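Notes to accompany the following structure.
In this document, chain identifiers A, B, C, D and E correspond to the written order of the chains, with residue numbering beginning at 1 in each.
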Amino acid sequence: MDRGAAIEIRDVFKVFVARGDRHQRRAFLALRDVSLTIPSGRFVSFVGPSGCGKSTLLNMMAGLVRPTDGEVQYKGLSVDGINTDVGYITQDDNLLPWRTLQENVEVALEFRGVPADQRRERAARYIAMVGLSGFEHHYPHELSGGMRKRTALIRTLIYEPSVVLMDEPFGPLDAQTRVILQDELLRLWEGSGKTIVFVTHDLVEAIALSDEIALFSRAPGTIKRVYQVPLGRPRDVFHIHADPGFPEFYDRLWRDLKEEIVDVVLEAT
Amino acid sequence: MDRGAAIEIRDVFKVFVARGDRHQRRAFLALRDVSLTIPSGRFVSFVGPSGCGKSTLLNMMAGLVRPTDGEVQYKGLSVDGINTDVGYITQDDNLLPWRTLQENVEVALEFRGVPADQRRERAARYIAMVGLSGFEHHYPHELSGGMRKRTALIRTLIYEPSVVLMDEPFGPLDAQTRVILQDELLRLWEGSGKTIVFVTHDLVEAIALSDEIALFSRAPGTIKRVYQVPLGRPRDVFHIHADPGFPEFYDRLWRDLKEEIVDVVLEAT
Amino acid sequence: MDALEMATGTFGAVEERGKRLLQRVESEERAQQRIEQRNTTLGRLAFGAAMLLAWELASGRLLDQFFVSKPSHIAAALWAMLIKEALLYHLRYTVTEALVGYAIGAGAGLVLGFALARSNFVYRIVEPFIVAFYGIPRIALAPLFILWFGIGITSKIAVAAVMVFFIVFINTIAGIRSAPVQFLQVARVMGASEWDLVRKVIFPAATPFIIAALQITVPQAMIGAIVGEFISSNRGVGHLISRAAGFLDTPGLFAGIFALLVVVLLMNQGITTLGNHLMRWNPKHGTVRDVP
Amino acid sequence: MDALEMATGTFGAVEERGKRLLQRVESEERAQQRIEQRNTTLGRLAFGAAMLLAWELASGRLLDQFFVSKPSHIAAALWAMLIKEALLYHLRYTVTEALVGYAIGAGAGLVLGFALARSNFVYRIVEPFIVAFYGIPRIALAPLFILWFGIGITSKIAVAAVMVFFIVFINTIAGIRSAPVQFLQVARVMGASEWDLVRKVIFPAATPFIIAALQITVPQAMIGAIVGEFISSNRGVGHLISRAAGFLDTPGLFAGIFALLVVVLLMNQGITTLGNHLMRWNPKHGTVRDVP
Amino acid sequence: GQAQRVRITEVHTGTLFMAPVYIAEAAGFMGEEGIDLELTEVDSGALGIAALVSGQAQFFDADPFQAVQLRRQGRQILFIYNLTKRVTLDMVMHPEVARARNISRNMPIAQRFAALRGMKLGITRPGAATDVYMRYYLKRAGLNPDRDVQIVSIGGGAGLLAALRSRQIDAFHLSAPTPYLAERDGYGVVVIKSSAGDVPELDNFMYTGIAVYNIYANRNGDVLRRWTKAVNRANRLMRQDQAAAITRLRKYFPRTDPALLALALREIIPALSEDGTMNEEMMEKHLQFMLDDGQISLKPSAKEGLLWTNRYIVK
């Protein structure tokens, strides 16, 4: 497996200007001095408090947001404009409302000029994989929240990008479906050489899936620490609790997070 | 506390017609023979596989969807048309994009004719409670996913409806923020006499918060079983794992869910 | 609760009931469309008949018959036109002008709208000039139309196209701007080309605007053709109308107009159908009142 | 990674850098708006000047000066009009007609749009009749306008209002239908009255459509006033234009038109500003090309 | 001076036949008769009728066809002042066509009509005077207006000039000054000048006059007399002192080139009525013309008092 850097984030700062205040457009700092290397072929998770800038960082990797200062490199080149080399499963599902589930799943293949019958065949396979067979002809508003999210997931996986950015892909899914899809994801990924950047707020999920976990501080977000997950591969996501390395690592992560909690509680009251 | 039924669901069936199939509009069954009583003043959670009809059932309680057969009663009267007596935190945040965070939080108070200064004061309190102070003048698209969800939450809580329907209110939140808000929610609820119907896919959350848990089967959804949570009140959500009743009850719930998992896995491959 | 489930009957009975419901809903769904269709048609006929009746009765009493004529006379004039003035020949000519002008104007509005909206700077510079051009009374341009487009069918098509263009253009721009930026972003990341973006994301998002513009411009195109025929012509319904006006022949005037309106209504129906088709995915299209 | 964080400098330095960035962005933000504004203004002036120059040069060579005149002559005529024909007096009259007609037509279109869209059945019945009414060439209705509204200012206002109404009406309906049904639903559950719904949910959602319609109808209102003045008048810019046309006075004709266009452009600018204000929340309003 | 002041509204179609009325107003003759005259221009005859019938205006420049047509509907308007004594349409032809066909004003009128065969001829609107008389010319020459020539309607003077200049039509006819502008700029020659009496059948012909609603005339005979008195004063001024007339006219045509106004007046004055009087023969000629042309199916009497009267004319 290639061990070069897929993505390299250097000294990134991000300033946003909120537009709601009529009289003064006040700028504020969303990301502060973030540096991180994501090696090629690895599964890296981001965990951290809500609003700390995880999605913003993913947006930068996809070229949708420009850093105010610092640089984001993709495979050695500075990201400048849309990065069509990555697949991006955004936090909102962003399904096209005028396309049925199947048409949504096929859309990237259409962009790539894949012939209709191949599209259909591949879509059917992925749709079955996430348990959505029978709903091919539903429009997004006729699907449940979890079904929409699963559709958004396979819409990106289907064209097999070499780097996949996933922003809470299993967010609105029940524990049951979730574990199955985690397992499915690991099976697709293992040995594929793909790089995955995965945002989640479920520590167990992060541990079960990742090679590395980047822990973010609360806003203005920065990376507090990067952990190497001390579990072997392949992993059994169904029984990850039973892995000998799990409890200790989980406790360590949780301890480090608690510091952030205390801060938030203090702020909240 | 009043122990009458806040909501009474009787023999409800729901048939949807999906419109994507051009040639045949095939109807399909989303809810099958659901009956459930939600007593007044209780905290009831729904758990179950994605797409089993949890949101649909909440929509019925709010009067947004009509049952195809059977009846939904609210405080003894059949729900017929919009039920403005409940507060409903929908699965999607549905914030009004043309209003800032604060204006969104105030909207229900505006509908109720609360004077501007009172609105502002109450909004500020709730905004601080969920840790969003400083973001009052951000438009929804300038907020992170978790921040939007927190806004949607307090937008409903602020007018203190006597029955609150919550569809995965803590979905896109990190574990840390989540526990704090769970605690906050319990503090608001306890002793208030309010009824809460709470959809979640986190079993720990369901146990930590609820009096009763209704477990749904996979689609066409029906209620497989209703559990009484065997933990006392008040509860410490930060250390719920340590509660003596917790492990046994958790295992029982998880066992019952597994059956559904097996089914899904079979279907998926 | 388990007891309750038992009480509702055996599992088999529930299955049975579910199936019955499915069938019921499927047939109801079909029936309802038919009923709505029928009610609308009946409603329109009733409304139309009521208006004609009111006109017939009011004319000569409340309204001055010299200027408004009455439906019965108009019908007679229409018949006479059909027989004696080769109405259909003139109608075909006018409708061709209107249709071709409509197609050109709408096409140009769409294309230029897409071209300019995607380049905001150019749009902001050019926009006031386009608006200004539309502030020029058509009548003032008549000699130029004659010089540039002649006195044949081309000049009528040009007038119709001009009247259609602006509305489609502005609405297209507004529609393009309302395409959610997130959709554009995910599509671009998925590798959409500019053309993919236009066809598969922006156009569908702008559909409600474009359809509204296409609906607004149906009567405009027809009026454009008529104005064109007023500017110069030797045939067409505008010619007939103009002659009727010259001879103070109000029934003839309205007869010509009625002939046009039939075409306008047919075209409008076509656009409505097209809109319903393109926006079939839209859950609330047409059902705004009833929130549930 | 901890090492890396260290390497970038002390915590204080990072803070410092953050602050500097904040200031930079704030001042850049302000500067950029100014620059854009300036570029747009310059671009428009350049474009306008180029067009006038091309006209001046082409006139008499490529174009027939008799029919298109040339900017220098038009400027002279404009001056003469200002002095000898009390242009400002006529202009005030015409602008009043256009503005009042615009306000009435747009107001009626909005109100009727809201009234009908929320009752789909009535809308579907009434719609073809409204469309048909718009298919009637204005010229045919002119005698009725005189009968009903006289030959004073009222009839011009009526023509302008009629030309504005339809476009605002159809676009309003389309806008209302595009209001996301989920927003209506949550608002209703939160206790919104029908009036709350209209004001706080439907109207903002329909804003892009309404603004587009208001923009389209600015020149329409002006033309409506002019058409009204062509139908009957003894003052107003339409009267001046009509008189110039009668005497084949092309510079005078264009001078009258130019006077109008200034007003049209001012009104258009007003609508654009209003639109920008109402849609200030909209992230991509005006920045369509640059996806990031 | 001793008479009561009245306000009247007169609508008109903006033709130059109205020159005496304009002058009467601009020179203050109306005012001296105690009349505040407000002139309003309308786009077409039908609109003038609408204004008259609805009581918005009291005076209008109509033609006998409109009067007859209104009569059929049970409304009576009455001509009280004649504006023209013959048809004033002058035909201008592209010089190349005229040369190729060898047409000029020196030829007998019948030959000129016959020479129109195969041409593209411009009129203003179908049913308008330009159309009616063009067809009459063709019929006089035994031509079928719908087959032997192409008649194209082109809304107004500027359009007609544009079409002639770009050779999209071969000829058109209209009242002065339009045809003379084409002549001045070298792309037209006037070949039929009915304003000078080239067409005898259309000479001494009731073409356009000022009409009022009958009811109004019955009640306001005094006002009508004062009105005609002022107009006749202006008429005399116009004939005696063209320069003065043009100065007065500038109130209504402030920026128009005085030379152009002079040209127009020079061409049109010979066709205008000297004192507004009408006679049975003039009216009869027009009525018979309309009957022959098929515009009307019943010919009302041409006698004074029915469609016209000289009763109110004060010289």
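Here is the rule we use: contacts are C-beta pairs under 8 Å (C-beta built on N, C-alpha and C of every residue); 3 or more make two chains touch, one makes a residue touch a chain.
Being a predicted model, the structure only gives us computed values, none of them experimental.
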{"item": "Co-neighbours of chain E and chain D - touch as defined", "value": "C"}
{"item": "Mutual neighbours - chains that touch chain A and chain D alike", "value": "B, C"}
{"item": "Farthest chain relative to chain B (centres taken as mean CA coordinates)", "value": "E"}
{"item": "Leader among chain pairs (count of C-beta contacts)", "value": "C-D"}
{"item": "Computed distance of Cα centres, chain E from chain A, in Å", "value": "84"}
{"item": "Centroid spacing, where centroids are CA-atom means, of chain B and chain C in whole angstrom", "value": "44"}
{"item": "Gap in Å, rounded to a whole number, between the CA centres of chain D and chain C", "value": "21"}
{"item": "For chain E, residues that touch 2 or more chains besides their own", "value": "44, 46, 49-50, 53-54, 156, 158, 161-162, 165"}
{"item": "Chain D residues counted as touching two or more neighbouring chains", "value": "64, 67, 139, 143-144, 147, 185, 188, 230, 245, 281-283, 291-292"}
{"item": "For chain A, residues that touch 2 or more chains besides their own", "value": "19-20, 28, 63-64, 82, 92, 100, 139, 142"}
{"item": "Chain-chain contacts as defined at top", "value": "A-B, A-C, A-D, B-C, B-D, C-D, C-E, D-E"}
{"item": "Chain B to chain D touching residues, read off their complex", "value": "62-64, 82-84, 86-88, 90, 92, 94, 96-100, 107-108, 110-112, 139, 141-142, 155-156, 159"}
{"item": "Residues on chain D engaged by chain E in the complex (per definition of touch)", "value": "64, 66-67, 77, 80-81, 84-85, 139, 142-144, 146-147, 150-151, 230-234, 239, 242-250, 252"}
{"item": "Parts of chain E lying in touch with chain C, wherever the complex brings them together", "value": "44-46, 49-50, 53-54, 65-66, 69-70, 73, 75, 125-128, 131, 150-156, 158-159, 161-163, 165-166, 168-169, 295"}
{"item": "Chain B - residues contacting chain A, complex", "value": "16, 18-21, 28, 47-51, 54-55, 91-92, 100-101, 128-131, 133-139, 142-147, 150, 167-168, 171-180, 184, 201-203, 257-258, 260-261, 264-265, 267-269"}
{"item": "Of chain D, residues touching chain A in the complex", "value": "1-2, 4-5, 8, 14, 17-18, 21-22, 24-26, 29-30, 280-281, 291-292"}
